[in-house]
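Please find the structures below.
Each of the two complexes below includes chain A, the first together with chain B, the second together with chain C.
On to the complex of A and B.
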């Protein structure tokens, strides 16, 4: 059985091809200006990665997720990214009970049961604090090539700067002021991580963070953020391989359950 | 339904009709919240209309010249409509009555007095505690209102006229109550959106015409086959549900949810109780409008309303509760943090919180949250 999951998020498009519960191909690319083009391209790249010379029409079932899930014409079903992240994380780490997903434009905290079903969840409101976008803006100001590259630098700091604002724009101002005061770059970067982690912790305060806790989404590639989340939640976070494709994987798993019907 | 079509047509020509009626009758505009006894306006041959329009983010920009952003968007909308004249009901009202229920309404009344002094207004306070002294205070407030309306319209409010008006409004409340109870089974053809739209229309329409419409609607609904798929039964509650703020209801319906009962402080007419027509009518009005109705979220203690929600959830056998409050409505925001545990303990059902600032950008994340919440209930 050959199925696919497509996750069109705010910043990146992801696709996973699943054959009999095994990932045989995946792809990630920027969304760009047209979600339909992004969906077609990322699907083509995932098929290529799976060494398949077929089109998406040849697959048994396709599920789309993410912000643009309703716009993917070739998907037979849609599912929310929260449900998909729960399914995907549970598939990768079956002992998952709590998930923090930090994506491009939003972050989520999800409680799951032993089957990977969502019990409770929360999402950030229309604010970029504690999201990938927040980290990208800060990486740009602090002249680090990518948000992921900031992680190891943050881990070098023993004295993270205190950044009190949770608003991306105001936090940017704070960083500029601290930079002018001569604070070390590694302490500034650590401060940015601490501020984002504390924002996510506050958002998830109504949920039970029980082990195993799993960290997914593009920001999970940042090793510093993992550490700062662990400090806030006082628990270890496991990061699955390719944390960015967990939503698409969950969608593919849902596709698999529908393909046989 | 034919009743709704007839009502739409009445509302379309309502402003033209009111402009003609204005030559002989006074139009009394009043702010939302359910503390203005319409009976008093009707008893002096005036026409009550409630300002209930909101849901459009554009009007908030107009309000930005008068009030800061960190303020309930419904009341910011009212400030925007009042000062810009973009809600014609503000323009047509001869007198604006403001029962002050909380700080948001107080700021609206300040704006009214300061920026639009040409508009005549009458303000009275509504206490936040239900006790003897508070009842007395509210009672005195509506006595002052009665006097103002008599002077303003030049028409004395006799006991006979007031009793007739109360009977008319009781009939309207009774019909809303009956329609609401018809939805208890969960398979009724009456949608929440229709019910809420009927409520909103009742704040603007001619009272006797509205009663005819409600009777007609009830009959039509009774004759319509029940839904074959009833969906996830939901209790929908919050601070305000404004006329044209239907985004959340649409998403819930499209996602397979079925709202079968609502509770809102602003936007839904308190319809569970009738006003007694025996004895002192002014005291009866005070008792009914202040004591008997379920209080809003800003009352203390807030337990009366929360217990009422628990009772509704049980009586209507709902599968979940969607709590929809507007941004910066602090009393509701605070309750939304601790009420899910209370509700779960008492009923076993989950609650989900949505917050809005009347922004179109909210649609996508709201849909994701609502779909996920309904999915977790279905399982």
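On to the complex of A and C.
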């Protein structure tokens, strides 16, 4: 059985091809301006990665997720990214009971049962602090090539700066001021991580963080963020291989349950 | 001769004769509201898309709001003394003033604008922007209900009031926003002071001192109203004011009974129109609302008998705090995601959740205060949780959507505690959802849909286990 999951997020498009519960191909690319083009391209790349010379129409079932899930015409079903991350994380780490997903535009905390079903969740509202976008803005002003590259630098710091603003725009100003005061770059970067992790911790405060806790989404590729989250939650976070495709993987798993029905 | 607004008003339940009799007033109202033929076309499509116009009762209900709007916009020309009060606040004093003199027009103008310029014409934003430009700037966490009131007045769409009843008894931003009306126009005000909090575990009991204090405040406000408006509160004003509102409430009780059916026969979009009217009109809106309810209840009885509903049979049932006052899309989203909403917090007051009044009081203020105290709204967090808990049993709920406005102290502050305690007490899931119930400019539709859809899927999975 050949199925696919497509996750069109705020910043990146992800696709996973699953054959009989085995990942045989995946792809990640920037969304760009047109979500439909992004969906087509990422699907093509995932098929290529799976060494398949077929089109998406030849697959048994496709599920789309992410904010543009309703716009993917070739998907037979949609599911929210919260449900997909729960399914995907549970598939990769069957002992998963709690998930932090930090994506481009939003962050989520999800409690799951032993079968990977969502039993409680919370998601950021207006605030962008604690999202990939927040980290990208900071990476830009601190002149680090990517959000992911900031992680190892943050881990070098023993004295993270305090970034207290809860608004991304104001936090940016705060970082600029601290930079002008001569604070060390690694301490500033660590401060940014600490601020983002504390926002996520506050957002998730009403949920039970029980082991195994899993960290997914594009930001999970940042090793510094993993550490700062662990400091806040006082628990270890497991990061699955390719944490960015967990939503697409979950969508593919849902597709698998619907294929042939 | 047919006019550009005839089709819309007919869609909203106006009879041809009513349109003809009121042509001059409709035209004058639309001119003041800057509504032209294009706006009627947009409104027609908006209403058909988001309101259940297959029910004549709903159409008449929309018409009731329009009639309230016309009377509000033309109140000065009608030679009325105009009194504004805030929502949610204490309706009683307004009802008594209205019942004491036919020269007085009493209204919650923000709610009227939301339900007409928002729910019908989808043109509330320019009014909100006018409010923002006049003392309630964007980004200052100001409630958009007050922006609608100030914006409507400064744009000249609704008249400057002769008197304002300000109450911080439930909402502490309302009285401050009413101060702006005084600052801009010198409108005299009466402040009804009070405290909404009580000890955990007190409710449904409450201290008589609270009734006496609040009652005293209301009495003072009524006295000031008499002086400013040059009227006398009629000795039978309370009884008279209750004639209409009791009848309306009676229908709401019947409606709550009908909403116990599975599938639920009416959309929460329309529930919101009903519950809001009960707290926003002291005049024609409520009288026309009674006629609409008479039709609607019969139509819904038919639907229940035939097993017709707005969601699938067996859909998870959730209670919400409040529907969206100005944007039906937001409320409709709950049903689009497969959730049935048989009850809102306010409507719960009419269906067995409210407790009986205690004690006997003789002054008008104390009678009103005693009545208001029986609703959990005027108590602390725990009393509200009791309301939800009771409703869960009565309406066979599967969960709660506890919306909160980030800029609303009473609602936002308790939101997360409420989720925790409700989940513990009822064992039912609670979605704590940030949503501005008065302004749809401040949320991301996609983020909202993701949350509601996930919650709906969660409840469906739980139900099918």
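The definition used in the following text is that the second predicted complex is superposed on the first by the 261 of 261 C-alpha atoms of A that agree within 3 Å, B and C clash if a C-alpha of one lies under 4 Å from a C-alpha of the other, contacts with A are read in each partner's own complex, and residues count from 1 in each chain.
By our rule, a residue touches a chain if its C-beta (ideal position, glycine included) is under 8 Å from a C-beta of that chain, and two chains touch if they have at least 3 such contacts.
Everything quoted here is computed from the prediction, not taken from an experiment.
Once the complexes are laid over each other on chain A, chain B and chain C cannot both fit and instead clash.
Applying the stated contact rule after C-alpha superposition, one finds that A:81 touches each of chain B and chain C.
By the touch criterion stated above, A:22 is placed in contact with neither chain B nor chain C. Of the two partner chains, neither chain B nor chain C is touched by A:234. In the superposition on chain A, the residues of chain A touched by chain B in one structure and by chain C in the other are 67, 80-83, 106, 117-121, 123, 125-126, 206. Chain B makes touch with chain A in their complex at residues 337, 340, 350, 355, 359, 361-362, 364-365, 368-369, 371-372, 375-376, 379. Contacts from chain A toward chain C in the complex involve residues 67, 79-83, 106, 117-123, 125-126, 205-206. On chain C, the positions that touch chain A within their shared complex are 406, 416, 419-420, 429, 432, 434, 442-443, 446-447, 450-451, 453-454, 457-458, 461. Chain A makes touch with chain B in their complex at residues 67, 80-83, 106, 117-121, 123, 125-126, 206.
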